[in-house]
Amino acid sequence: MSKRIVRVDHLARVEGRGGITVEIEQDQVKLAQFNLTEGPRLFEAFLRGRPYHEAVAIFPRICSICSAAHRLTAIEATEKAFGIEPTATVNMVRELLYFGDQIESHALHVFLLALPDFLGYPDALQMVDKFGVEVTKGLMLKKTGNEIMRLLGSREIHQENALVGGFGKLPSKEDLNYLRGLLVESLPYAELAVQLCASLNIPPHTHQPITHLAVKPRGGRYTVYGDYIHSSEGDEFPVEDYRSHIVEFVVPHSYAKQSLFKGKPYMVGALSRLKLNGHLLTGKAKEHFEQLKGTIDFDNALYNNLAQAIELVYFVEESIRIIDALMNHEPWGDSLAPVQPRAGRGVSITEAPRGLLVYNVAYDEQGKLVDADVITPTAMNQAIIERDIKLMAEGMKHLPDDELKFHLELVPRAYDPCISCSVHLVRK
Amino acid sequence: MERRKLKVGIWALTGCYGCQLNFVNLEDDLLKIVQNVDLEVFYMATRANNEETNFDVSFIEGSVTTPEDEEEAKKARERSKYVVALGNCAVNGGVQGFNSTQDFETNIRTVYGDDAHFHLPFGLSKPLDSVIKVDFYLYGCPPEKKDYIYFLTTLLLGTWPEDWTIPVCAECRLKGNPCVIIERGEPCVGPITVAGCEARCPSHNVACIGCRGPLKVVDNSDAMALTFKGKELPTDRILDRMRLFSAYKDLSKVEEALRNV
Amino acid sequence: MRYTKLRKENFHEFLRVLERYGKVYAPHRISEKFYDFREMRDPNDVVTEYPRTVMPPKKFFFEPLSELFKVGLRDFSYSTPEEDIQPFVIFGVHAYDIKGLMILDSVYMEPGLEEKQYAVRRQKALIVGISDMPDQYNFSNVRNADWVDEGFDLFLHPIEEGWLIRVGSPTGHKIIDDNSQLFHGTTLKDIDDFKEHEKRRQLSFPMCMSLSDVRYVLEVNWNNPIWEEEAKRCLGCGNCTMTCPTCRCYEVWDEPDVELSSASRFRRWDSCQFHDHGLVAGGENFREHKVDRFRHRYNCKNSYVKALHCDFCVGCGRCTAFCPAGISYMGIITHLMEAKVHED
Amino acid sequence: MKTDNYTDLYKLNKAHVVRVFDLTDKEKLFVFRFDDKDLASTWTYKPGQFVQIAVPGVGESTISITSSATRKGFFELCIRKVGRVTSVIHKLRPGDVVGIRGPYGNGFPMEAMEGKDLLLIASGLGMAPLRGVFLYALDNRWLYGRIALINTARYSSELLFREELDAMLDMTTAENLLIMQTVTREPEYPGLKGRATEYIDQTGVDPKNCAVIVCGPPRMYMDVFRKVLQLGFSPDHLYMTLERRMKCGVGKCGHCVAGTATNMVYMCKDGPVFTYYDIMSTPGLI
């Protein structure tokens, strides 16, 4: 029997450019590749020599959907390098901004990028006729996330207001009140996301044990910040030690660096967070999680969408709580702490919408960037995505090309990849 | 006058996808504008892409960084009446254009180490109009949401958008902000940057970093450099600052002005 | 003219009283070095001593950005933004800015060509002036704009006990009469305080020279090298014109709504320092080079307001104080006054 | 407070296209009528005045009125397709609607020219305002002496109103008129060739008692002045129109301001018609 090659040249409804190649020979899946064809941009290199404030402004250009996550992580790493302690107000506003990013990104992914697959549409806009309510509510939820980023960060994408030391300007109370209103209105939409995702028919073929990694949240709350990383296999290590646990290497068959944990592919993202930190959820999100826990297969990445939906409920509710806390937390104090650059290195790992985001930055005494290492969630997930593509191909190889392609696409999309985001990316 | 739907393509070269995402961010307006627009190509949002059509307008995001980028740009050009450089990467080559001012091989090694043996046909990020003819520019990193609507509605009315030709400072004043150059001596590039963002950053007490790119109709970067020099910013910092979003811009005028002080 | 006195302790009460006549806008400190007219929320935030606001009071009448009208694209219905502009009060306007408004009036309310948008706002506004202490950039004295006899409802001058108020309009009289509990008769001591203050103020102006021949000086110096030299430093950013109390250029453009059901015409302040200001169809530009635009402003600002027999420039000093490049307007004029046209 | 005592300067009056004529590749003649009957019958203007014509959502352009108010009920605009607004106007068909403001500008002082000969010199699009003068003078034929019109363009295909003027040739003797049409860049053209200045001495007007009106690109003006002054025409009655970008037409927006400190003019309000003396005392005007 001859070799059958199935190729998806341009993976749709993901951020960035990538494709899938599967080779089937004698009914055996010989090769499963996740090809990333984005051009190299080399942020870590060309930003060397730039002053810290420009570096933290340019790094987020790595990725648009998680630009706030990038910016806030770069800022935290820089502040660690300089030994800056932001005020409590600043920390609260930052977390709210970060949650805005989570809400926007998850809503976008669940409603516009992933859902059409399961409902049999090429895109969300074409769903409007039959699923108008879902689409408009999804957009509304997404807008809520965007409005948080706009009012706190200055805009929906690339938030120039978030600075090392704090913010150029803190939001006004009117802004916060307005956001609270939006959030309250959006909560039912987030719950609708849970309902929708829970009712989807998820193919079982990609079930295979998964090692999950997530940040161990700071302060015992389900949040995006933390000082330790823990795994579903019971490991725990401080963020500064990531290098000795996560090994990155260049693979000859791929355009991007891959990374392994203890020599194995691993997963990061919403599903991993739920697996590891789900017990910290509160309120309605907790209820939903308790209720659905039994049905979630943590060893099948396609459940990631459901995990994102549950997180949506949490992030919306928690954002309301942060706003209430901010309103009662007076006086707010200065928006910006004085920044005194010094030579040093800082590492921050946070939970971006798609999972662990590593920033490791070093500066000289004038505050110029001398070294940087950025690892994004998609780069981390790349190895496991390829593993799962292979599994899916195995399970669905009996299907004709078109249908097989459709199923293959489900896999990377479930991980919500952010291809332009995979910083260490290079052409062969 | 009768009106017909516009055939639109949204293409992506090398960038962060933010320009396209901001199109999706139109949210309520997105549903309205698609009444008059057929999105024939939009990989970020749909699986149903029809590259084999004649486009009224193609928005192209991203810088030209790989040979595939160049091919894609040419393909879109051939099939489109108007081509729009969408966002700073396409307009000016993007922040990644900064590689052009440094040694690319070294940068590659910095990121990938020595174990990577790859061959780079060309890896420098160039503006779109360096490889194809561009009819319009939508500035910004990312462009403003209202720019998309203005652009599409003017085309639908049978005309075309007016270009932005005023600097960020103008909008900074319209907003009633204090000036960060005067007050804090910070290197705000508002005076030489294309307006349209309503002076977003100075409105947040942050110096403009020039994400909408340098003004095209008039180049006052030499005067800007003199002002920065007066604020005791060293020459290399001045040049770097101006290259942040437009590394491809010819700064010889600036260098000359600085030499003569 | 009627004079009356407002005691220090009644000052906040006075501001509160003004609120009865409309929303009050007053000078506020908006950053370390900048002041601007902002809506008054708390009288404690209002400043009475400030060199100049970044935005001149023209912004209340000729708005920085506004919608002129809307037209239905199907039925051609024409509508302007609701004409329910409520009366408002601008507190704390300096004399040169009052003069600036009168100059704007001469253009925007030119008999027979009154612009409704401007005139309506002008009618609704109550102006309370306040005496300023000049700083190094203020040369309103040489522009005859350091003192006004009209163009305000009330005008406050600091005296030891508080404020001596000049009453400049029927509305001004009414405010005094309706709130007589707040005001007191002036004493001879008050008058002396007032005179003393004005004397001190006059002595503080950094400049004393006549500018009556400045128009000719500018013309005969058309080719003076200083234009090129200074234009080189100019950023073309438009700050000088945007902050000028008498600059009034605007740009308009049409924008359809997203559903193409109507279109609005917007306008925003424009500046002769922008490249496209002198552009006409076909790409010809009447002020192609920066130096053309740079020199034009000096000529335009020093040209003559026929209706008021004064210059367009009132000497507020904003264009110098708010120039990021640090170009000095009066510096250039002084230089030209002394320059020789024939370089030997 | 009463606020209705001010009229809205920017209000668009609805007018519709009655007919469209193709004049050249780039220029079309549009006949418009106001929808409001009263306005249509009372609206009047002087030769040399202009209107602001708006296509809502697209923008507004400044266009000289090329008809004469001696004929009521309609007005004509000759429009060259150059940009955003004029391109859309060129797509208009009878029945389509535009917004009109005006008339604006000082216009030509037709009364001051009464009893004189008229020498009208048009180059290119300058024929648009000049046609208004010409038609006005013809309709008030008894007020003026000999009327000479020189219409020039680079190529014969660019001569505006060429056919209309040709059709008038048979009445020129009876009406004491002269119509010359000359082209500058088309050697094969069977008619007159060369610049307008070469024909001024053949027009038969009386230099001692003649008003001269020139409309065209400003760079031709100085040449014409030199020539007519040399031929003994009086500088007291030399007129021309000027062009600047205009956003309001009513002396507010400042785009058309030109001149120096001693003499700043608004082209829209103080012009677009200027005299020889205006030009001499206002550097930068042309």
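Every chain is named by a letter (A, B, C and D) in the order it is written, and numbering of its residues begins at 1.
The working rule: contacts are C-beta pairs under 8 Å (C-beta built on N, C-alpha and C of every residue); 3 or more make two chains touch, one makes a residue touch a chain.
Quantities reported herein were computed from a predicted structural model and do not represent experimental measurements.
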* In terms of C-beta pairs in contact, which two chains are most connected? -> A-B
* For chain B, which other chain has the most distant CA centre? -> D
* Asked: In terms of CA centres, which chain lies closest to the overall middle?
  -> B
* What whole-number Å value describes the gap between the mean CA coordinates of chain A and chain B? -> 25
* To do: Mind checking the centre-to-centre distance between chain B and chain C? Centres are C-alpha means, answer in whole Å.
  => 37
* **Separation of chain A from chain C, taking each centre as the mean of its C-alpha atoms, in whole Å** => 51
* To do: Provide the C-alpha centroid distance between chain A and chain D, rounded to the nearest whole angstrom.
  => 65
* Asked: Among the residues of chain A, which ones contact at least 2 other chains?
  -> none
* For chain C, residues that touch 2 or more chains besides their own -> 253, 255-256, 260, 263, 270
* Asked: When you check chain D against every other chain, which residues touch at least two of them?
  -> 57-59
* Write out all the pairs of touching chains, ordered by chain label. => A-B, B-C, B-D, C-D
* Going by the contact rule at the top, pick out the chain D residues touching chain B in the complex. => 55, 57-59, 84-85, 87-88, 91-92, 96
* Structure fact -> chain D partner, complex, touching residues on chain B are 1, 153-154, 157-160, 162
* Taking the complex as given, what residues does chain B use to touch chain A? -> 12-19, 21-22, 24-25, 27-28, 30-31, 34, 39, 42-49, 62-63, 65-66, 68-69, 94-96, 98-99, 102, 106-108, 110-113, 115-116, 118-121, 123, 125, 141-142, 145, 200-201, 203-206, 209, 211, 237, 240-241, 244
* Parts of chain C lying in touch with chain D, wherever the complex brings them together -> 68-69, 71, 73, 76, 78, 80, 83, 87, 107-108, 110, 113-116, 119-120, 123-124, 214-216, 218-219, 222, 247-256, 260, 262-263, 265, 270, 272, 277-282, 286, 298-300, 302-304
* **For the chain A and chain B complex, residues of the former touching the latter** => 10-17, 37-51, 54, 57-58, 61-65, 67, 108, 112-113, 116, 122-126, 128, 135-136, 139-140, 142-143, 146, 154-158, 160-161, 163, 167-169, 249-250, 257, 335, 409, 420-421, 423-424, 426-428
